[in-house]
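Let me begin by presenting the structure, written as structure tokens, before commenting on it.
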Amino acid sequence: APSTIRLGDVGFGFGTPFGVGLQAIADAKGFIAKEFEGTETTVSWTYFTGTGPAINEAFANDQIDFASYGAVPNIVGAAGGLDTVILASTQGTNIFAVARPDAGIETLSDLKGKRVALQKATIIHWAALEALKDAGVEESDFTLIDLKNADQLAAITAGSVDAVFGADFLLPLEQKGIAKVIFSSARDNPAVSGFGGFLVSRDFVEAYPDATQKVVDGYIHAAEWLADPANRDEAFEIWARAGTPVELIARSNADTDFAEAYNPRLDGEFERRYHSALEFALEQKLVRSTPDLESWTDGSFLNDTLARNELDTVWPERTPAVSN
Amino acid sequence: MVDKGMTLLATGQEATPRGPVTTGRGWRSLSPALVAPLALLVLWQAATATGLLPEQILPSPSRVVQTFAELAASGELSSAARISFWRLAVGLALGGSLGLVFGLALGASQRVEQWVGPTFRAFAAVPALGWIPVLILLVGIDEMLKVIILTKACFVPVAIASRDAWRAVPPGYEELGQVLGLSPSARFLRIRLPAMVPLIFGGLRLASGQAFVSLVTCEMLAATEGIGYLMIWGRTLFQMDVVIVGMIVVGTAGIALDRTLRLLEHLIRKRMGEDV
Amino acid sequence: MSEVTLKGLVLPGVVVAVWGAAAAAGLLNGPMAVTPAAVLRVPFADPAGVEIWAGIGTSLLRLVTGGVIGGVLGLATGLAFGLLRPLRRTLSPTVDAFRQIALFAWIPLLTSWFGNGEVAKIVFIALATFFPLVLSAEQGVRNVAPALREAVQVMGLSRRRQVTALYLPAALPSIAVGVQIALISSWIGTVGAEYAIGNGRGLGSYIAAAREQFRMDITLVGVAALALVGVALHAGSARIIRHLNTGV
Amino acid sequence: MFSSVLSISDLSKSFEVEGARFVALASTGLELGRNEIVAVIGPSGCGKSTLLRCIAGLEHPDTGRIRIEGNDVTRPGQGSALVFQDHRLLPWLTVRANVELALEPLRLSRADQTRRAARYIELVGLSRFADSFPRQLSGGMAQRAALARALAVETGLVLMDEPFGALDSILRSRMQDELLKIWQEHQVSILIVTHDIEEALYLADRVVVMRPDPGHIQETVEIALPRPRQRDSAAFGALRSRLLAALAESAPGRRVA
Amino acid sequence: MFSSVLSISDLSKSFEVEGARFVALASTGLELGRNEIVAVIGPSGCGKSTLLRCIAGLEHPDTGRIRIEGNDVTRPGQGSALVFQDHRLLPWLTVRANVELALEPLRLSRADQTRRAARYIELVGLSRFADSFPRQLSGGMAQRAALARALAVETGLVLMDEPFGALDSILRSRMQDELLKIWQEHQVSILIVTHDIEEALYLADRVVVMRPDPGHIQETVEIALPRPRQRDSAAFGALRSRLLAALAESAPGRRVA
């Protein structure tokens, strides 16, 4: 078995960054560490700011073994030659759109002819285009401006853009009266919530199948814990360590059912979404070719965990929607 | 720079042994300089061809060439370069002229130096990296942001060089102008300004170097177009070939601008009759 | 020249006063509506703001590590270029071409090669230090007055003694100026690396996080710290240079 | 009216050196007649250059009065031309342009200016080098160009501060002859500072010997030798010894260097 | 055995100037006897410095042979010491350290080295300034320190290229006397380049007159005057005229400057 298992996730915050997803729960509650109790193996976490590209680079440099991140960046990584395996589905990123209060924007369809900022090549990019398409706004109807999170805040404050698509980091804008929320995926269109995968490097999974199984076990236990509504407040406390106030986190997740949102299954719904993202990546010229989803995914570890722990009922298998 | 000039003068007495002439020797003086780049290229090709380094870490030279051609053909490269160079030109023109005027004022007037000097030095001490977070809130992410950042980047070295240039004009020249009974404007235009040319060009060249650093910094950190953005986009898409194309463009442009300024200085000084 | 008299403090004082008055009068809104007093409190009272001390400490530590690595390599390379003509003729143009690549343009390549951890940052800082020192050391040696070269030649000094008695001391002022430039360059490199690469502590990460969390007050404190440390490094090195030059 | 071109009375000048006042020149008086050559000699630091700079208007005297052709000197560029020890030609201008620059304040017509410059350049024998830049000239040629520049403004009073100090002995004596030739052909008065006794003897109608601490005029020696003067004549030798003695007297104790 | 310290035969040296070869020195021969002082004079550019630099090993001659004490000179630092016109002391070393640096190749014991340096520093009258840095010295003192540095290696042959050219006349004659004193007290042969005829006459046993285009030796004049020499003696004056004539003859046509 390896001496350390290195996990990576997206992070925020002053000093040492901290995560805001399922891994933060697994980390804080020790779900994965528990699996390796009594062995020589230790577990370590790195929370990357800079998100997708940073995690791809960490995989490329063999600095992490496991990571969960958005589908778009992990497709970009796989297309770029990273040899990874998807072990479980991750979701839960609530996507928001905010607009300047004085811009006369009430709904997504008002964004026609406007300047809209988001960070390209992320799952938000995918979600925004999907949501807009559903609202009848085509890509050619507005000006898309590629900005990183912090710059989005500044840009809308200074009036350089009219609206921003992003995650819960946008919510303080509403609090400060700089922008108002015009869209929330959890509330308005759950189909376009952010999603991604829990991935492992192929080298690792081939060398240590047992350790991989244990990591998946711990990871699923974390999801199970989070699915229990009684743990919601504690989860918010854990996520608040990244610097966002608890109230904001609560508000951001107000419409989210964690059991549904953190469904780890590699089922039909997973496939539908990934296919959509793969198509998107190709269309947007983010990749030169797309990885084959089937050989990229390995559901055996997850299924084994679910079966052994009789967890099939917590997350029902979702059937694929009609592909469009 | 002044010091160097003085050492040269001081040793001018002796028949100075002339060093090897670096120009005008044709291919013979060039060839050793080509050894290193060629060796690097061979190593690079070998490392990628043998699979020692995977494509996502270091793409092969041929891949880079191909990407270069693709980006050039699609117009992405030229539109990115155009916007970057435009920003650079505006920054150099604005920052350079403001810096010149301000630097001369600093050099000429003790009072300006006392009242404004310390603030100027504090202002100069904050790099582009520090200005971006503050400025972006004030002026947004549009062109204005880049213009201000680049103007500042060029302003500072030119101002410092102009100030030093003013002070470095030999007092003897000023005396000469007085003894000849020249008017103040003639003393400035005919004596001081020409005497300051080398140092001011030194400042301009520093400014162009600074401008490139700031350009890339702000295009990487807060922009949606330009060469710096193209490189960050390459990083995002995990395509190192795009990044390397960007580095090549930035490096080549940097060298080219530096050479152009040198040439310009050379021409001006030659026109003025100096042996350069 | 660099001494600050009372007159020099008037202008910054006026700026702060106007800002404070405007904030107090409610003329500013949005994230800019922070008072000077609030900003002053951040590094001491704000739970996120106090992270700045650890941030500065970490940054300085990185600066030293990367600076020493890049500095030693840069000096050695520059001196070798200055002293050994064949080496200079083969390698110096290439190094010079690499020097022309604007510093931050290295970041994407470095993160891809060395990941997002400490290594990439240290390499970046080392690069920021390396180039100015190569240049100054090479120039310093090459600009040694031919008159003095001849003087030590006619004494029949060994090559080694020529280097230690002539070339090194003669190049010292130029190297000192290079060190000063390198210090500033590596400080910007340090904060820049932290800012762009992100995770981990450091002043750059501190500013980046403050921006992500939309805290203008913390951002301002971070920027001010960035400037102050830069000024302090510059002033400190200028002092050392003055000391060196009066010794000659 | 006594035809005095330059008249100095009770001139003194001090500098502030590290807080203390240093008297460089004390109660100095001097008259220079029309078409006269006066040489000033004296040990280093006795105030020779200071005297010349006061006359040229480059220094403000503490006391005393300096009049050129009866007019008080208050600022530079009034009534005198100055030749510096280093030629101070502007390196980015040709010989011609350097001379023409000096003529600008006279506001001649373009044609007159060109003609005047050409005449003086020819006078010093540099016509062939009129379009050369200073760096293309030898030391002697550059010094002659500087002379042309000073003479061209035709002020009647030319001040020279060790003008040939940087030249080698052969060139130097040639330049001395050329200076005398020009002086004989043109109405011009010359006050020349030198540290070379022979030069003073060869050129001057009078030699002023200065002495330091504080700088003042110790004595004035009439040189009544006919021109051209013979450097190895007995009379020349006698005057040389006399001046050497005066200098040795005025040289400070056993001050090293 | 003929006691010749320096022996030069058929020396020539050319430089490449803008593509063409320029002959700076052609078939030059010279012998320097033990304890002899020979002065070299000649117009600027006649190859005086080139000659000295060849002897010092700083230039490689095209043809000819240079032997010091019978040994061929092939590179710098062999058998001779050179005093330049500018002192060329290393600015970051004290006077003492500068002198000691020159002694290093002799591999003396630490104590001997210190003693030797101190002796020569005293010889030139700089003991009080042994721990001063060059910038703290006047021009004359620095030049004396350079002299001490050259003499301390006790090579027997000292080459001097216009060593007092930068000093003023009073200091200059004082330095000439000191040089003669040291020369009388020590077994040393001196080859001195100067552009000052008086200096050559005052110091040398023989004066070599050089001529340019291409640089070569025109004539050698024995100076059989007893020492100390009187500058205003008739014999001195006659020799001066003789050398002046030789120089005038050797001065190039009407080449300006």
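Letters A, B, C, D and E mark the chains as written, and numbering starts fresh at 1 in each.
Note that a residue touches a chain if its C-beta (ideal position, glycine included) is under 8 Å from a C-beta of that chain, and two chains touch if they have at least 3 such contacts.
Chain labels with UniProt names: B = Binding-protein-dependent transport system inner membrane protein; D, E = ABC transporter.
These numbers come from a predicted model, not from an experiment.
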Contacts common to chain A and chain C (chain labels): B
Interchain contact steps from chain A to chain E (minimum; 1 if touching): 2
Contact pairs, highest-scoring chain pair: B-C
Intercentroid distance (Cα basis), chain E paired with chain C, Å: 50
Length of the line joining the C-alpha centres of chain A and chain B, rounded to whole Å: 42
Chain B-chain E separation of Cα centroids, rounded to whole Å: 49
Residues of chain C whose C-beta touches two or more other chains: 30-31, 111-113, 147, 150, 196, 210-211
Residues of chain D whose C-beta touches two or more other chains: none
Where chain B touches two or more other chains at once, by residue number: 10-11, 14, 17, 56-57, 133, 137-138, 221, 235, 238
Of all residues in chain E, those that touch chain D in their complex: 43-44, 125, 137-141, 168-171, 195-197, 232, 237, 240-241, 247-248, 251, 256-257
Footprint of chain C on chain E - complex, ascending: 56-58, 76-78, 80-82, 84, 86, 88, 90-93, 101-102, 104-105, 133, 135, 153
Chain A contact footprint on chain B (complex, rising order): 54-57, 133, 136-142, 221-222, 224, 229, 233, 235-239
Residue ranges of chain A touching chain B (in the complex, touch as defined): 52-53, 56-57, 60-61, 73, 76-77, 79-82, 120-121, 145-148, 150-151, 154-155, 157-161, 286-287
Residue ranges of chain B in contact with chain D within the complex: 172-173, 175-176, 178-183, 186, 190-191, 194-195, 269, 272-275
